[in-house]
Amino acid sequence: MLARSPQRRSPGPLARAFDRFLLNRAAVAGVGIALPMLLLILSYPLWWAFQPNDIDLLAMNSGPTAKHWFGTDGVGRDVFARVLEGGRISLLVAVASTTLSAIIGFLFGAISALAGRWADAVSMRFVDLVMTLPPVIFLLVLASIAGTGIWPTVLVISLLSWPLLARMIRSRLLELRERDFVMAARGMGAGIGHLLFRHGLPNSIDILVVYATLQIANAILLEAGLSFLGLGIAPPAASWGNMLNAARSTAVLEQYPWQWLFPGTALILAVLAINFIGDGLRDAFDPRAELN
Amino acid sequence: MSAPLLSVRDLSKHYTSRGTRLNILQGISFDIGKGEVVGLVGESGSGKTTIGRSVLRLVEPSSGSVRFDGTELTTLSASALRRQRPRMQYIFQDPFASLSPRMTIGEILTEGLKIQGIGCVGDRLDRALSALAQVDLPAEAINRYAHEFSGGQRQRIGIARALTLSPEFIVADEPVSALDVSIQAQVINLLRDLQQRLGLTMLFISHDLAVVEYICDRVIVLYLGRTMEIAPSADLYARPQHPYTRALLSAIPSPDPDARRDRQILKGDIPSPANPPSGCVFRTRCPSALEACAGAVPQLREVAPGHFKACIRDDLD
Amino acid sequence: MEQTAEPVLDIRGLRTIFRVRGGEITAVNDIDLSIAAGETLALVGESGSGKSVTSLSVMRLLTRGIGAIAAGSIRLTTRGGAAQDLVGLDEESMRRIRGDDIGMVFQEPMSSLNPVFTIGDQIAEPLRVHRGADRKKAMDAAVALLESVGIPDARRRAGQYPHELSGGMRQRATIAMALACDPALLIADEPTTALDVTIQAQILDLLLKLQRERGMAMLFVTHNLGVVAEIAHRVAVMYAGRIVEEGPVGEVFRNPKHPYTMGLLASMPRLGDAARMKQAGEKLAAIPGMVPSLMNMPSGCAFSPRCTFAIDACRAVVPGLEQVNPQHRSRCIRWQEI
Amino acid sequence: ALVASGVATEAQAATLSGGFDVGPGGFQGNFNPLAATAGFTWLSIYYEPLVTYDETLQKVVGALASSYEVSPDQMTYTFKLADAKWHDGKPFTAKDAKFTIGLAMNVKSGSVLAARLKGISSVEAPDDHTVVIKLSAPSSSLLDTMTKVMMLPEHALSSIPADQLAKNTWWSTAPIGTGPFKFTKYVSDQYVELAANTDYRGGKPALERVINRYFANPAAAIAALRSGEIQFTYVDSNDVPTFKDNKDFKVIEGDSFVVNYLGFNHDSPLWKDVRVRKAVMHAINRDAIIQSLYGGAAKPANCAYVAEQLIPPDIDTYAYDPEKAKQLLTDAGWDQINGAKPITLLTYYTTPLATNVLAAVQAMLAQVGINIVPRAVDAPTYNSIVLNATPDIAQFQMVYAGLQNGPDAGSINVGLNEKQIPPAGPNVARVRMPDLTKALDSALAEPDSAKRNTAYQDVCKVMNTNLPWATLWVANRYGIVSTKVKDFVWTPAPGGGPYQADPQKWSIAE
Amino acid sequence: MLRYSLRRLIMGMGMLVALSMLIFLLLRLTPGDPIDAYIDPNLPMSPSDLADLRRSLGLDQPLPVQYLGWLQQAVTGNLGYSIKRLDQPVLGLVLSRIGPTVLLMGTALVFAIVVGIACGVIGAVRRNSLADLSLSVAALAGISSPAFLSALLGLYLFSVRLHWMPSGGMLTPGEAFSVGDLLHHLILPAALLSVAQAALIMRYMRASLLEVLNQDYVRTARAKGVREFWVITKHALRNALLPIVTLIGSTVGLAIGGAIFIESVFNWPGMGLLLVDAVQTRDYPVIMGATLVIGTCVIVVNLLTDITYAVVDPRIKVG
């Protein structure tokens, strides 16, 4: 197999994954969509004339114009500003919940894999239990406990999402635990902390990265779904989900399509782009790709 | 001989898989003297790796005792065990699996020092470099990743890693099996050099009797987790006593085109450890098996000075 | 060894390439080989030297879109006596040949059996595909084949799944499968490498016996010189995609005419040698350095960087295969001096 | 199998399908009138009370009682019963009425009316056609409550112990009433079907069947309405414009009898100063909101009432004046009281309209320096927070809510009377204003209905001056009915009625 | 196999009890109780009257007592009565929803399996072709669009605009039952529900088949001269389907989630609708009953997938 000559310097595993990622056209397209969106979302207050919560009862339900690119909503707020603000909130929720669930999931999975049979049995039964309940139902119940708003939504989404990661991490670490290089570290006296952070974490980085991207996409969808059911981000704060909630009204659905078309498109586009990126990352990190 | 460095007594290991008990090792006893190289041979699944790892407590033995330089390892606390760790190291079979793909060679080589808290960053690097030099690899390897090296080079890195902690005792688990012949010879020579230069004590695991003969002072022959024969190399190869050892020796294909071709071929397969045969575990494939072999488990007996076998028959040859 | 006029397999100038990122690699270059009926040719060489690629080229089973035969011819003479060049053959005709005129045994007996079908089904399949046998007939034939490869209680075994068999038995089953249609050529790609010595001995014995009985030609791929000595009539040594030496086993082993072959033979630990070497303080004669990467081949003779005999001329051009004697050839310009 | 919906409706020309339980007046899945807090539009198609409101909800008229009398001391009510038959053919008698009122007064039966009927000291049936109710103290709201007591057949229910009654399946499988339609079947969470009661004393119904379909939300009902599957439903007011100019549909508009307000939590230190409360009133441009968001379909409220007869002539209209608001706040020292710190505004309104209204209110209040943060929760969460005897003030310094202000003007009492502060009653804003309590008490105790309006004007006056709430408006509510349906009567009454809808007269054009 | 199933079932029971405890606890943590949900804030009742109602329903007792009472009844098969509609026993209510939900999800599942597997095979066999690319993008789009949005759009387009499909419900009210009518109501929601699942199955199928096509035994089949068609359909597909069995099992949970949106938009009288309503009205007994039934279904489906897996994969020996 690979008998590459040691004379030629070749990049580390992450750099190689990154190279492979760049070869994936869909993934690059995903970046091409996501990056400008991110820029717009982050920078709009600097250059856009309207604030997301500025109401103008005289300019209610106006269609797209040169002044209001995406038109205005039922109280005359600028839809463009709200779509971007909604993006901010959606992303904030998604990133925060993903981070939180990634931490919980990783630690849970790692502990159950490395901290002995009892910890494993108990924590996995717990994961089973959480997973027995269909996610949306759990979400409904959790959301009605936690209430609405950004942080409760973050909490709800993270609490819901970690078990999957915990399982993936656990099985990766169980496998890793038997790998020779980990055995070697144990043979040199490594404790659980060393194993976890020097071996577990770097060797789960692919899982984490892929999980994180796909989970961000997922969290955006969950947030939208929750807000749609009135359990996520409460109006008047903008979120893609609660903007779409407006389309429940036939009047809005039919007569003011810009009020839901734009957030809807933004939502689908963002999720799609992130999914593309996630897919690209998954392929890039695929251990089999290393063989080529 | 003075007191042995390693003394294994009645070592047993079993796994429980889906409710059935697998007896992987039973009643393994042997000693290794200081500076001695003992070979452990047997077919796949005979428990060689399990012995090697149990001895270092990388797997927990089910019962039995392992004394290392007078210290009982099996009952040692985690922290006490950690302090013993640098004295005994392991070399792995698979040069691809045994090096972390996410660490540079430098990180791999200093990992043990770091775990043990030995030296400062600079010292560790120095020791890593000297280990690299010992295995004939260039110093610039230190910043590369394992995937940039060939199998033979990786195996050298694996050996270097074991050396960084200056161990007295090394378990080498089939260190050359995964390598091509031409590379295999390089690594064998290296290991032998190092062993002699550093006065290492070694448990050398292999399924290749030819390799074992070349590097070991004494050989233990294993079959289905039981010791069949233990003897000094010269004696074993010249006068194998156990039918299994003989069969094993005869099964090795010789590259000499003029060699005898009337090999003795064992029938059938190795039984499963889930239901091993009664009595002598080898009897189902043994060309010389008697009815009595099904009875008691044969004990190791000394048939010549330092030469032990676990076979009830003395009338062979 | 009696040579029939028409060899069963005759490979001329075979070159196989792979498209990889960053260009093309030539995995196998300028291979000439021929195997007669009843003859066993062993292909030896280190890992990556192109042994498997050669055998897959014959089967035309290179990964589509990645590997391709770039040049050369592969002539196969079937039992019927018809000869054809496999290189230009259309896929359908090629399919008819696979499993019928050429049988193949792979290295890993576990992974090359389909886990969800019974052994019997899988052995019967070539018969059903090529002979149009009905289920029952094919199954009976499969049981007979299992018996002929020495599996006891064949009828019961035929109804079992691969995972229920031991490694040795699985390999016997794959041999039975390859032999189902009584092929003119059997390609065995390291069929014993994954097995224990005692089982390897069984399988080698079996192959020897079967080949003798059936008079087929056999291309036997291995990296173990001991195995070569056991089973083959002739041996071809490969290095970095090329054959460096070829000839009758006895002659090549006794009298190697290529430094690489010599090195290989010398670096092999031999039973019974150790005591002598220990006393003499000798070391195993290792070949220094390592196999060059196909992406980054040295100029001239590929072995020259590791060769103690190498001179400047070696690095200039790739040496041709030179005739040592009518049956023995070596790709070394200095073979006479060795 | 694409059945064109037009064909489908013609095939069942004599059937009227509707979403009778859509919207705030409905109570899908409830079949038990004793447990009904809403849903009377539908229930009163097959059950009947003794008395009911007229179509305009102005006065209480007889239903199963052909007439009624109230004694001058307001303590004795005598009902004369009409000649009516249960759907099973048995006659309806005073004993049934007595039985029903007994059940309604019994908490064990799961009756939600029990508390409101506490004032009844006795119910008598001197003969088959007379029922006499005696009170222990005069109450102007008894008749209002009696409109919600649907008569139940003693012969079918007397054998069931009161505490098992609510759990009995009779309600959704074989209920019998006296109304113009008879219960035929209930398909779980899909629809309820009624068939014409040909023996109805008010005449044979024109329709053969009435079907009440269940919808998870008004949008689904509208979809069904537009696809021709149903002919009637309630709609949210912002959906009305879709139907305004559509000749296939008629828009029915009516007073919601619910006043919307911003309730100041009087336990919170923020609102102690009346100038702050006034500032809130002046800061909100109610006219603009009504014009734009309600499409004009609401009346600004300067106290709990908008009905002319209840408004004294000289009340403050709190015109939109942000400058004045700012001034008032400065005067009150708002910066010291709260400043720009966010103030939670709790609400149970989650409709798109309410969402927009709150967005507007938030923006308007922000302009004068009051930073409110709306928090919309579902009704149970809201109730559990505000009805708590010891609430966390931070959770609701303010509510955006509504309260029934009619047809009985006294309904407002529970939300403003000091005696109704939780746990005693639902005065969720914790209004402690002796003037107001006094005004309310005297209005409620006023036996003379002529003088009662004046009494309520006093209430209005006190509210207008003291601002226990920032009253906003009374919105209209809407129903949409297909123009094929004739003689259809529907009123967006609180809780769905009951009122005189005369379902036997409804018909549908071919 | 029997012993294994039995053991799994017993474990499942334990799981259900744990689940019911979890839900019970969670529910009591939600703000507001059924009585709070019972009243319209516009037409309020006094807290003291509410307390009476609470007492009559036993909601004033300490939690463990309530739970044990519930459990005791549940063991005998009595899941109590809906609080919102006291005349309806929870068990009956829940059971009456299983049929419609199973019908909806089953149809969607069949649809998703057929479409997902077919597209996955095409994608894998014609790897990197235009067809593969467009299918992959379509699948991602399917996964990326939220169920409620597609449900709304589907409803608007096919029902409100085109009048092709009824706007909701399962049967035309007042009409005699007919299969055609049922199908007419079923198609749209089932199709919309199946989109995400089909996309998921497709992606996994594609990956799994690609993986299998790289296996040695596929090469062996080719070396035997088996026709490419049979190599794929017989040798590869069967192995590639193995992980899909597990996937399908685990998407059932997902489908139940999607069904909640679809059911609430299309007014489909299934568990989802019941549950959303029950959560909104804090109808504890119904939530408990419904989650228990759903939990049971998930456990049974998992068991079934494991058994199926064991049946189709001879390597797995359960016992």
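Residue numbering begins at 1 within each chain, and the chains themselves are lettered A, B, C, D and E in the order written.
Here is the rule we go by: contacts are C-beta pairs under 8 Å (C-beta built on N, C-alpha and C of every residue); 3 or more make two chains touch, one makes a residue touch a chain.
If you're wondering where the values come from, they're calculated on a predicted model, not measured in any experiment.
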item	value
Greatest separation from chain B - chain, by CA centre	D
Chain pair whose interface holds the most contacting C-beta pairs	D-E
Length of the line joining the C-alpha centres of chain A and chain C, rounded to whole Å	51
Averaged-CA centre spacing for the pair chain E and chain A, given as whole angstrom	23
Distance from chain C to chain B - Cα centre to Cα centre, in angstrom	32
For chain B, residues contacting two or more additional chains	150-151, 153
Chain E residues counted as touching two or more neighbouring chains	30-31, 156, 160, 276
In chain C, residues with contacts to at least two other chains	47, 290-291
Complex interface listing, chain C residues touching chain B	46-47, 166-169, 196-202, 204-205, 223-230, 249-250, 253-254, 263-265, 267-275, 277, 283-288, 290-291
Interfacial residue positions of chain A with respect to chain D in the complex	53-55, 57-58, 60, 73-77, 144, 147-149, 230, 234-236, 242, 245-246, 248-255
Contact set on chain D toward chain E in their complex	1-5, 8, 12, 15, 17, 24, 29-32, 35, 37-38, 107-108, 110, 112, 114-115, 163, 166-172, 187-191, 193, 209, 211, 213-217, 220, 223-224, 226-229, 258, 348, 377-387, 389, 401-404, 411, 414-415, 420, 422-426, 428, 494-495
Residue ranges of chain C touching chain E (in the complex, touch as defined)	59, 61, 95-100, 103-104, 106, 108, 111-117, 125-126, 129-130, 161, 163, 174, 177-178
Interface residues, chain B side, partner chain C - complex	43-44, 150-153, 180-186, 188-189, 192, 207-211, 213-214, 233-234, 237-238, 247-259, 261, 263, 265-266, 269-270, 285
